[in-house]
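Below, each structure is written out as structure tokens.
Presented sequentially are two complexes of chain A, the first with chain B as partner and the second with chain C.
Then we have the complex of A and B:
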């Protein structure tokens, strides 16, 4: 691996982070800054009758909807979330107004004196209830082949339903934004994934031209999708506050507030009707997906789309019909979360395949292998699998690493092993990349190259990875390739830092620009090359009918989980995860291993101990004492390997990676638990209560 | 209330409410921003500092308790040779991603290695059980600590 791009290097951002010198938004003090605290709804659905505020001491302000010069809605896919509540609230935690001032204690005192009178209205608290009442935000469907006719031919029909729960991101750094109105310009600083999303949102709320708005990302302490759309809301609020007070306004959430009001992973129910042919093969599948979008739609339509286009997993079902619906409830809005709808539907499909196999008395892995999609096959939306699918190689490797075959034959009660197969569609869904047309600039300045992109470092290693792609291409040392500050005044819009698109799409543009720069390196001291994404001509997508290539290519993986279950308490101990991934070619094998391990542990949390319930719209867990994420004591041994499968259009052959692990571990762990207890698993999180109940029920 | 304590090897006298949190004193009064607030209730460990050599959550320590104690934050610790070893080992092992938990984890590592210079994997896991990390899945942090113990033999 000596000269390979995959050979690990030291992360460029790590030294300042280890020493504690790295400044996150809460560590940056602005001269004359004020603090802001949000007053929120404590009603799930109500009309606001009146708001009584105390008389404010000098230097203290209340900021609400009346202070907004532009539009009182946050710009995103569906711009329906009010910046401050109009005259109604639709979830507990919805922002109504800010109290702003110089002393935190005094702000809290003012907040406690604000009295809001509401008139309660009837609310919807669960997806089941929403389905009954028909509070649909979005409904989509697509089909393939002739599902109706195929059900006639089926010799056996199996129906099943799978549930997944809420998940909180728990980025270690809570959300934080500072707004500073200065020199007729609005400056927004903060923890975020998508500076240009924030910029667009500020344009709407202030009604200003874009050249008076600058968004500057601060070092971001984890995000996982939680800092995709949500920071836009906070940014709009502090922008309005700073405009009114003419002083910098900082708003940093504490953990409780962050959990109460920030977006979560969509809870889901996926209903399946499978028709089996003579050889017990699934010949037709009907998939009905419902997501709890919460009180506002926001990003939910595209989350649902990815969920729908990932719902067939790694399989080729000849006949298919898929329906997806997002429901409005009076819960906190659901939003982007690593995997973006796909982990929910892949969980359902993997468990369906597992449970059918067990019911038929055949080995789940063999049963799954009989359905694998291959190169040249149509995708679920009638696109084409163009690139080599190395699933069999992946499976062989993960079997060897885990001893799966040997271990599954010696099944013991309370000890189990399970396997999952999964994929992730690389980059934006459908026309996303073609619409956003990401831009990058590469600038040679003497012996240094400056890289201008809007892809942010948020812990995933983007800065090191992108600089490495350029440095490696130009045979320059890393320190001669630097990133421009993430400041929308200095960088082009390369698109948001989402959808596992940074390495493949933005890195791909940088690779092209570097190759061009290499060719003309000696021609001048200063050279600037800019590149704009061009969607490959061979990809077609009909956004109305959902026909064509939903993704340009796919990354693939297999996980084997080994678990032990306490026979008295039914607590799950995940002992080991063996994981093999095809992400094309790893740009830095070690950083990627870190991404995969982190994704595995985070999604094991979702599948096991991360329980979040909402009762009448109020979250029962709102701090890290109630909402448990995996600690050092909970993590399994993880063996993680990559197989190479270079992608023609990715930089050095790289495809997508960051979200891939989120889909893999939950069904592997659930299959292992199913194996350990000898019962079908249809729901996560796998709490001891749930396992005890179904185990007794089965007995 | 007047409180006298040692902060990163310097004697300090402050006038504070004895109930105020050590975390706020360090961040607001001394601008020691390596000490992070991740939860404010002793669950996440992002605010870990050393009090007389032992790792404590500074969000749970009231000012009244630090009288006469020696508090060390990363700003003090990063000048030591032991820090250098931990830094190199964490870099080598890929122990850092978003970095928000990292200063707290370095503090817990120092506290562990002082007590137990050659910890087993189980002992490392136990020592880190009060430090949450959402990015790495911990395994590469364990590797970083093992490497530090090995490279820094004789320093602890």
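Then we have the complex of A and C:
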């Protein structure tokens, strides 16, 4: 591995972050800056009858819908979220107006004096209730083969339902944005994943030409999807405030406020009807997916699509019918969260396969292996698995690392082992990449190369990764390859930093440009090369019928979880996770291992201890005292290995990686818990309260 | 108005309290969170703060006349490190919060906070701890169970300071502690259980049982304990269902954001049963 791209190097962002020198948005003070505080709805659904505001002292302002020069909606996939409530509110925490001024104490005093009169309307609080009332945002379906006929042929039918809950991102740095109107231009600074999404949203809200808007990312302390669409909303609010006050306006959330109003992972219910053939093989599967989208649709349609296209997991079911629905409820809007809908459906499918195997009295892993998809097979949407699928090699490795076979045969009550197999579709879903057409620029300037992309560093290692791809190609030291500031005035739109697309798609473009630059390196002192993404011709996708290749390729993985359950308290102790991944070729093995460990721990949290319930639209856990995520004390032993499977179109053979681990650990842990207690598991989080209850019923 | 006062010694602190109703603060690990108002705002203290974390008189641990005296401002981490502190108390303290919080938080704070989930409390109830409450004029000594009257409520008077915790220096042959939190560290108790017992000549000669987080205050019943004392160890196994049945009505937990009443009750009684069975 001496000269391999995978050989670890020091992360370029580490020194500043470790020493504390890194300046986050809350550390950046603007001259004459004002602060903003949001007044929010405390009703889940109501008409606003009146808003009474106190008389404002000099220098204090109220900013609301009347101050918006353009459109009062946040631009995203479905642009339905008002920047400030019009005349109605649809969830607790919905922004109604801002109070802006120089002193925070005074701002809070003004906020406390604002009286809003509402007329309550009947609200919808759960997916079940939404299904009953039919408050559907989106409904999609697709099928494969002849499911109806296949059910007719099935010798056994099994029906099951799987549930997953809300998850809060808990990025270390809460949301924060500063807007500054200066020289006829709107400058937005802040913690974000997608500068050009923010730019588009500001354009709509101000009604301005794009050349008068500049978005500058500040150092971002974690995001996990939580800073994909949400920063656009805050940015639009502070932009309007800065335009009105003609001063910089900073808005940074407390943790409590952040939790109350920011997006979460979609809660899900997935209903399955499986038809088994004579050899007990699943020959036909009916999957009915429902997500709680919350009060506004926003990104939910594409989250649902990824959930639907990932719902068959790593299996090739000959006949299939899949329906997906997003329901409107009066809960805080759901949004992007690492895995983007796939961890929910993969959890259901993995547990379904596990539970069917247990019911049939066969080893779950063997049962799963009998259904594996392989190269040349059709995908669930009738595309094609073009690249080599090394699942058997992955499984063999993870079995060896964990001693799975030996341990599963010696089952003891309260000690269990479980396995999960999973995949992640690389890059945007469907025609996403073809639509976005990411663009990058590589510029040689003497002995230095500047790379210009809109892909942001948010803690995941993008800057190190992208610079490394260029440096390695050109045989330059890392310090000679630098990233242009993430400022939409200086960089092209290489697309948002989402969908595990940065390394494969943006890194791929940088690799191509670097190779070209290498060829002409000596021709001039200054050379600029730009590249625009071109969707490979062999990929086809029908976005109306959902037919074709939903993704250009896939990354794969297997996890084995070992758990011990306290026989008195039913607390789960996850002892060890063994993990093997195929992400093509790791661009930096150590950094990637960090990604996988983080993803494992984060998703174990979702599967076990992270409880977020809302009662009549109000979150019961709205601070980090009550909403608990794993600490270092809770991290199990993690053994993590990669197998190489170079992807022809990825830089150095790299595929997607960042979201892959999120789908793996939850079903592995749930299968291990099922194994430990000898009961089927169909719902997460696996709290001790829930386990004690279901174990009692099984006894 | 005085916003804060840092006395030179205990006497000065008590004199200040006599004149100014104030809020004593040591580590502030709970108080600062309770009174936090928002990003960039001062916490919501309606009275002046009296800083007592540094007072040397409150930082001592000593053993006198068969009692362990612990100053109210002794840090949780100091309890863990001190060899005079009974193991049963250390078992509880080791699982509280996180190392940084334990380097700030004090035992006096945990008591005066009077939370049903206060993790030093079940042990202090079980060990028959007394508290010394001082004012500039007087001093009184009361059992911890008489001090705490409800969630966040104590009999502390406005001019009084908790200065010392007195625990009989007695070693039990059986020490049992279990905290049920949501995760392994930095967790508030959903339920906690402390069991102490002495066994001599195959007989239970002393037993103390205390439950945390399952009622407005710590649950302990001298009456039920008395019914166990004197029993031969060999009879415990048969007596367990009866003892569990006697405790059941005293365990009156609530549903909240962290757990359910049903779970808290079940788990408390399971821990009780496990403790008793371990004595046999």
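Please note the rule applied: the second predicted complex is superposed on the first by the 699 of 699 C-alpha atoms of A that agree within 3 Å, B and C clash if a C-alpha of one lies under 4 Å from a C-alpha of the other, contacts with A are read in each partner's own complex, and residues count from 1 in each chain.
Just so we're on the same page, a residue touches a chain if its C-beta (ideal position, glycine included) is under 8 Å from a C-beta of that chain, and two chains touch if they have at least 3 such contacts.
What you see is a predicted model, and the numbers here were worked out from it, not measured in a lab.
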Please work out whether A:609 is in contact with chain B alone, chain C alone, both, or neither, and reply first, second, both or neither. second
Would you sort A:108 into first (chain B), second (chain C), both or neither based on which partner it touches? second
Between chain B and chain C, whom does A:621 touch in the aligned arrangement: first, second, both, or neither? second
Is A:222 touching the first partner chain B, the second partner chain C, both, or neither of them? first
Which of the two partners, first being chain B and second being chain C, lies in contact with A:254: first, second, both, or neither? both
Chain B or chain C, by number of chain A residues touched: B
First (chain B), second (chain C), both or neither touched by A:234: neither
Between chain B and chain C, whom does A:571 touch in the aligned arrangement: first, second, both, or neither? second
What is the contact status of A:631 with respect to chain B (first) and chain C (second): first, second, both, or neither? both
Does chain B (first) or chain C (second) touch A:689, or do both, or does neither? second
Intersection of chain A residues contacting chain B with those contacting chain C? 254, 625, 630-633
Tell me, which parts of chain A touch chain B in their complex? 8, 10-11, 13-24, 26-27, 29, 169-174, 219-224, 254-255, 458-461, 590-591, 593-594, 597-602, 623-625, 629-633, 635, 637-638
Which residues of chain B touch chain A once you look at their complex with the stated criterion? 27, 31, 33-41, 43-44, 46, 73-75, 78, 83, 86-87, 90-92, 94, 96-103, 106, 124-126, 128-129, 131-142
Going by the contact rule set out above, which residues of chain C touch chain A in the complex? 33, 37-42, 98, 178, 180, 182-188, 257-260, 262-263, 266-267, 270-271, 274
Per the touch rule above, chain A residues touching chain C in the complex are 35, 37, 104-105, 108, 252-254, 257, 568-571, 609, 611, 620-621, 625-626, 628, 630-634, 688-689, 692-693
